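You will see chain A twice below: alongside chain B first, and alongside chain C after that.
What follows is the complex of A and B.
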């Protein structure tokens, strides 16, 4: 069974069509890059998979079932903007996650926070944007999910932390779990990707294994992307 | 050991290259148990599936073998590693002579240059 199946998905906001007949599927055990320019429809697609928006038409299946309460239990989602109450201390946010998700590993979260020199007694308001992003990512990666969906996880963090985050992703996802990473910082992450999905103007224009694509085009994923989407 | 990857070349091919050098230079010795795919992946900072692909290729070349439930090991046959070393050295030598040929120097001259280099 496919981990995720997206079938003929359309999404419009009023007259504006954001996603046009999007179909693809993902199996477990892979790291997939969802790559596209700003406004290509990446975040809309991700919100639909997380059942935060309703499709105009088409369907999304996770482990063979339509998205809903069950799929939320197995998807760990890092949104592009934080939804946490910033008045909370990190330790309170940990409690909150523990309450919400059966698969949350508190020990792991505390260990990762310590590695990143983050103080769990600090309030989120007192932290920089980059630090808040790290906290959020740690929480998301500390769940034992089937599918991790990370919307722009590298945007606000410095290059050293970026490496640490990539390490964290590599060493923390379960054997059969998959990770979808949406980003436009391709050169930083292309080494860890199994597959890429290129999305442009609401359509999937390419889905391929990364090494196959490099071999075929004799170029890096970053170069191929730039060539394809030249303005 | 230091390593860097060129994003223009398939990663598994580059991993294969590094692994061959590790085997030739004895970082992993004949009959020695290798780290797990996951450990390798974290060290190289690459995807575990890509690492798996490179290791499968080494296995098909008989440079390493899998003991069921026990993990992967370097071949016990020293001759296989010797042969790999020999082939690798020939490739390096050939590319040196090719480079020298490009700037108009024959084999004899090229060797003189080699001998002139202080280690």
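What follows is the complex of A and C.
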């Protein structure tokens, strides 16, 4: 059974069609880059998978089931914005995740936060945006999920932190789980990707293994992307 | 999962409301302490200010619960926090139920605090007797038992406020559906729904009047010489109608939420 199946998915806002007949599927145990320019439809697609948007038509199946309570149990999602209640302390947010997600590993979360020198007794409101994003990443990666969906996890962070984030992602996802990373900072993540999906103007224009693609085009994924999306 | 959601919704309200509860009791105590038999003009002025502050705090408790319930509902389901709320493995029905129960609980708490404040500030044998006489005058005129009058009056006020809050919830849901993120539509829809709900209660009471001439008299006559039993029927009928409307509206809210959301 496919981990994620998207079938003929369309999404419009008013008269503007954002996603056009998107179909693809993902299996477990891979790191997939969802790559496209700004406004290509990456975040819309991710929000649809996470039940934050309602499809205009089409179907999304996670482990063969429609998006809903069961899919949310196995998807760990990192949005592009800070979404935690800022009145809470980090320790309270850990408690919150522990309460709602059976697969949440509290010990791992605390260890990762300690590695990052983040005080769990500090309120989120007292933290910088960058620190809040790190807390969110730790929480998301501390789940033993089947599918991790990370929307622009590298956006707005310095190169050193980018490396830390990528290492955190690489070393903390469950075996046989898949990770979908949406970004346009391809050169930073290219080394960790097993598969890429190129999305442009709401359509999937390419889905391929990274090694095959590099071999076929005799170029890096970053170069291929630049060539395909040249303005 | 409802109990877990409720735990966090109640925590949020406690954090935000407890300061007002404390202030209400604080002003009630100062009002009581300053109610000396022989008091200077200065003490009298401070007592009046303290008393005024306590009344303002009681009004604030009611208004604040309404406002915070709406804000919490909107933030949790449609703002940044919704990215977490809608990705939790819980049903939309439970998301709604939690917000609704939270509102009910804090109205009860607010009501108890208000009563406690009034009791601390103003209780005396004379005031108690005056209140009893006042209520007895009304209940005698309306041919009701005192306990029934108090129970039905509290119930109707409670349901009326709950109805207003729920109109707000439905307004927020429909407003976001029509015009994502813009608060104007939510307010407009909430207000329209409130007017419809009130009109519906009035219309149904009027319709009942066709089967009960004493109730119809309430609509037809401008004098106060009407059947006192009509008030009793009117009160019970209003409470039942409010309950039905609240129930129906909560179902509509859940249906709309289950159709899915579109978070910006």
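By our rule, the second predicted complex is superposed on the first by the 231 of 231 C-alpha atoms of A that agree within 3 Å, B and C clash if a C-alpha of one lies under 4 Å from a C-alpha of the other, contacts with A are read in each partner's own complex, and residues count from 1 in each chain.
Here is the rule we use: a contact is a pair of C-beta atoms (placed from the backbone, for glycine too) under 8 Å apart; a residue touches a chain by one contact, two chains touch by 3 or more.
Since we're looking at a predicted model, the values are computed, not measured.
After superposition on chain A, the partners chain B and chain C are accommodated together without colliding.
An angle of 160 degrees, to the nearest 10, separates chain B from chain C at the C-alpha centre of chain A in the overlay.
By the document's definition of touching, of the two partners only chain B reaches A:31; chain C does not. Judged by the touch definition given at the top, the superposed model places A:170 against chain B, while chain C stays out of reach. Of the two partner chains, chain B is the only one touched by A:187; chain C is not. When the two structures are aligned on the shared chain, A:7 is found in touch with neither chain B nor chain C. Legend: residue contacts after superposition of the two complexes on their common chain; A:219 is shown touching chain B, with no touch to chain C.
Of the two partner chains placed by superposition, only chain C is touched by A:83; chain B is not. In this overlay, which is a superposition and not a single complex, chain B and chain C have their closest Cα atoms 27 Å apart. Touched by chain B in one complex and by chain C in the other is not one residue of chain A. Here chain A touches chain C in the complex through residues 13, 47, 50-54, 69-70, 72-73, 75, 77, 79, 81-85, 87, 96, 99-101, going by the rule given at the top. Across the interface of their complex, chain A is touched by residues 5, 7-13, 38, 41-42, 45-50, 53 of chain B. Within the complex formed with chain B, the chain A residues making contact are 29-31, 163, 166-167, 170-171, 187, 190-194, 210-212, 214-215, 218-223. Residues 1, 4, 7-8, 12, 15, 80-84, 86-91, 259-263 of chain C touch chain A in their complex.
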